[in-house]
Amino acid sequence: MERGSEPEEDAGAWPLRHLKSPVVRDPDFEARVRASFDKQLFMATLGARLEHIAPGEVRIAVSHRPDLTQQHGFLHAGAVTSVVDSACGYAALTLMEPGAAVLSVEFKVNLLAPAAGKEFIAIGKVVRAGRTITVVSGELVSLDDGRETVVAILQGTMMAVRDRAGLSD
Amino acid sequence: MERGSEPEEDAGAWPLRHLKSPVVRDPDFEARVRASFDKQLFMATLGARLEHIAPGEVRIAVSHRPDLTQQHGFLHAGAVTSVVDSACGYAALTLMEPGAAVLSVEFKVNLLAPAAGKEFIAIGKVVRAGRTITVVSGELVSLDDGRETVVAILQGTMMAVRDRAGLSD
Amino acid sequence: MERGSEPEEDAGAWPLRHLKSPVVRDPDFEARVRASFDKQLFMATLGARLEHIAPGEVRIAVSHRPDLTQQHGFLHAGAVTSVVDSACGYAALTLMEPGAAVLSVEFKVNLLAPAAGKEFIAIGKVVRAGRTITVVSGELVSLDDGRETVVAILQGTMMAVRDRAGLSD
Amino acid sequence: MERGSEPEEDAGAWPLRHLKSPVVRDPDFEARVRASFDKQLFMATLGARLEHIAPGEVRIAVSHRPDLTQQHGFLHAGAVTSVVDSACGYAALTLMEPGAAVLSVEFKVNLLAPAAGKEFIAIGKVVRAGRTITVVSGELVSLDDGRETVVAILQGTMMAVRDRAGLSD
């Protein structure tokens, strides 16, 4: 189906999207993310758990609970967004230098399927890490019945804030 | 500053954005929104209150609480999104015919200022109401100290779902 | 339809969205926008014309032409986006201090109706102007037959870039 | 860096994002995409070429030309969006049944780097294909100097339109 001589291996290489070689500027990034997560009291309200921290990638687990639902009994789109936004924000923070705080500038979420099911994992990954602006890509996966379903995807922008009174991590 | 003869009153008329003449297809739209909101248990978890229901516009109030915060003590972007998404979804529902259920397809949120302050109001308005797709525009306003600050704006898409088992309003 | 005593005039005041009191940092903002627009050769390719420049608001006109269409003969969503993005970028530039260049960070476009018709106007307005980040809101309006139809709306982020070799306005 | 016993191979499996097993409903999808692309006269205006068509994935190439630039000489964000939007729309069309036409509902674009360089490829992929709504993910990659740079990423929604006079593919 190709026109011309494009090599076959490109089919796997594209799309690139996620950052291939993240540069760690703070060796203590994991402790830093854990400490900041513990201060996000809204994560405790949602029962969200930090599951995985790596340079440029963070995963947060959350379980279905009746008090997190919308009118049809699915996880509310806002609860979905909350955990994917936090996963993406912390993925960005893993690559920031010490002293910078992370803030969400904007994000866009597409809801692909009702957030039915009992267990979910939010995956946040860095697409591009700049000094001020970090672009992120995230998703929420439903894990029920040994089947993985992508419930939502996010594309957004995080910002490093420095020297602002009272803001860190 | 004009080139040519554009009449001065245009400056007020543009941008149009919000729907000028919403058509109500269900005279019981207010009761319907209230009943659905009461089933969104996540709204109760956030302490959110339905404040205003009109054709094509819904407002939801929420107050600062420590258990809704991110790491710097501001309202979490996900909590912000939750109430603006619900306000927009219910604004869409006010214009749907009886029997249709509303689902969020996607939304995009820009966070303009930290969600500092004690009292907030989420405003959801319909931009275009179609049979299947409704486009919405929302914002979260902080109301402290007699001053109104726009904390976040949303642009998104809601969908009317019909004849799907178990889904209504 | 109100719960409680909210005053009636609020209905007009909300949503706020657009910046109420734009601060001009460069008195020559109009000449600056015109000069930069003339350097955007893609605008000439689209036949786009700068129609209005005010602090925090810029309007660009474009006409239907067969070579700007998608497969059904409507203006291509990319052509729509191009003029609304430029209107929003220049709206942001009207409020930047001398020497800063404007770049689009991201934008989100909802297409409300097929871009049918002969004449269109793109309106870009500033929602929040910060030192680095400016949030904008835009729309494309079709002007045919004395009727105004909103074809597309945009919500996005512009950035002021300083001291980067070769970039200005 | 894991908490608990999550198997290591998950690191490669997540994020899922793109559709794993696209279902082809029209065996003539390739000819259909080519015919529709040829009717998008705006693609010819941009000098865009259809490079690759597979179930759920389409790639479009475009080259730098002075008449496609913004004020700093880079490819205009609107030109970038145009080709990525078309790649995504046609990726969606590859999976639609005969007779359905594709329209863009909305998209969100993050610009990661100035679109410098001479040759670009836009990649559009399907994330979820529904009867009415198809969610897509795209990017523009700059190919200069043997180096691939992601210039922009897109997340958006396409819609299948049926039985609307005059609309096909």
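Going in written order, the chains are labelled A, B, C and D, and every chain counts its residues from 1.
Everything that follows uses one rule, which is that contacts are C-beta pairs under 8 Å (C-beta built on N, C-alpha and C of every residue); 3 or more make two chains touch, one makes a residue touch a chain.
This is a predicted model, so every value here is computed, not measured.
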Completion exercise
Contact tally winner between B-C and B-D is B-C
Completion exercise
Relative to chain C, the most remote chain by C-alpha centroid is chain A
Exercise for the section: Mind checking the centre-to-centre distance between chain B and chain C? Centres are C-alpha means, answer in whole Å. Expected result: 23
Completion exercise
chain B to chain D, mean C-alpha position gap in Å, rounds to 30
Problem - Residue numbers of chain A (touch at least two other chains) - result: 105-106, 108, 110, 157
Fill in the blank from the handout: Per the touch rule above, chain C residues touching chain B in the complex are 1-4, 6, 11, 13-18, 30, 50-54, 59, 108, 110, 112-113, 121, 123, 125, 127-128, 135, 137-139, 141, 148, 150, 153, 155-157
Handout entry: Interfacial residue positions of chain B with respect to chain A in the complex
Key = 36-37, 39-42, 44-45, 66-72, 76-79, 81-83, 85-86, 101, 103-111, 114, 166-167, 169
Fill in the blank from the handout: In their shared complex, chain A is touched by residues of chain C numbered 105-106, 108, 132-133, 157, 159
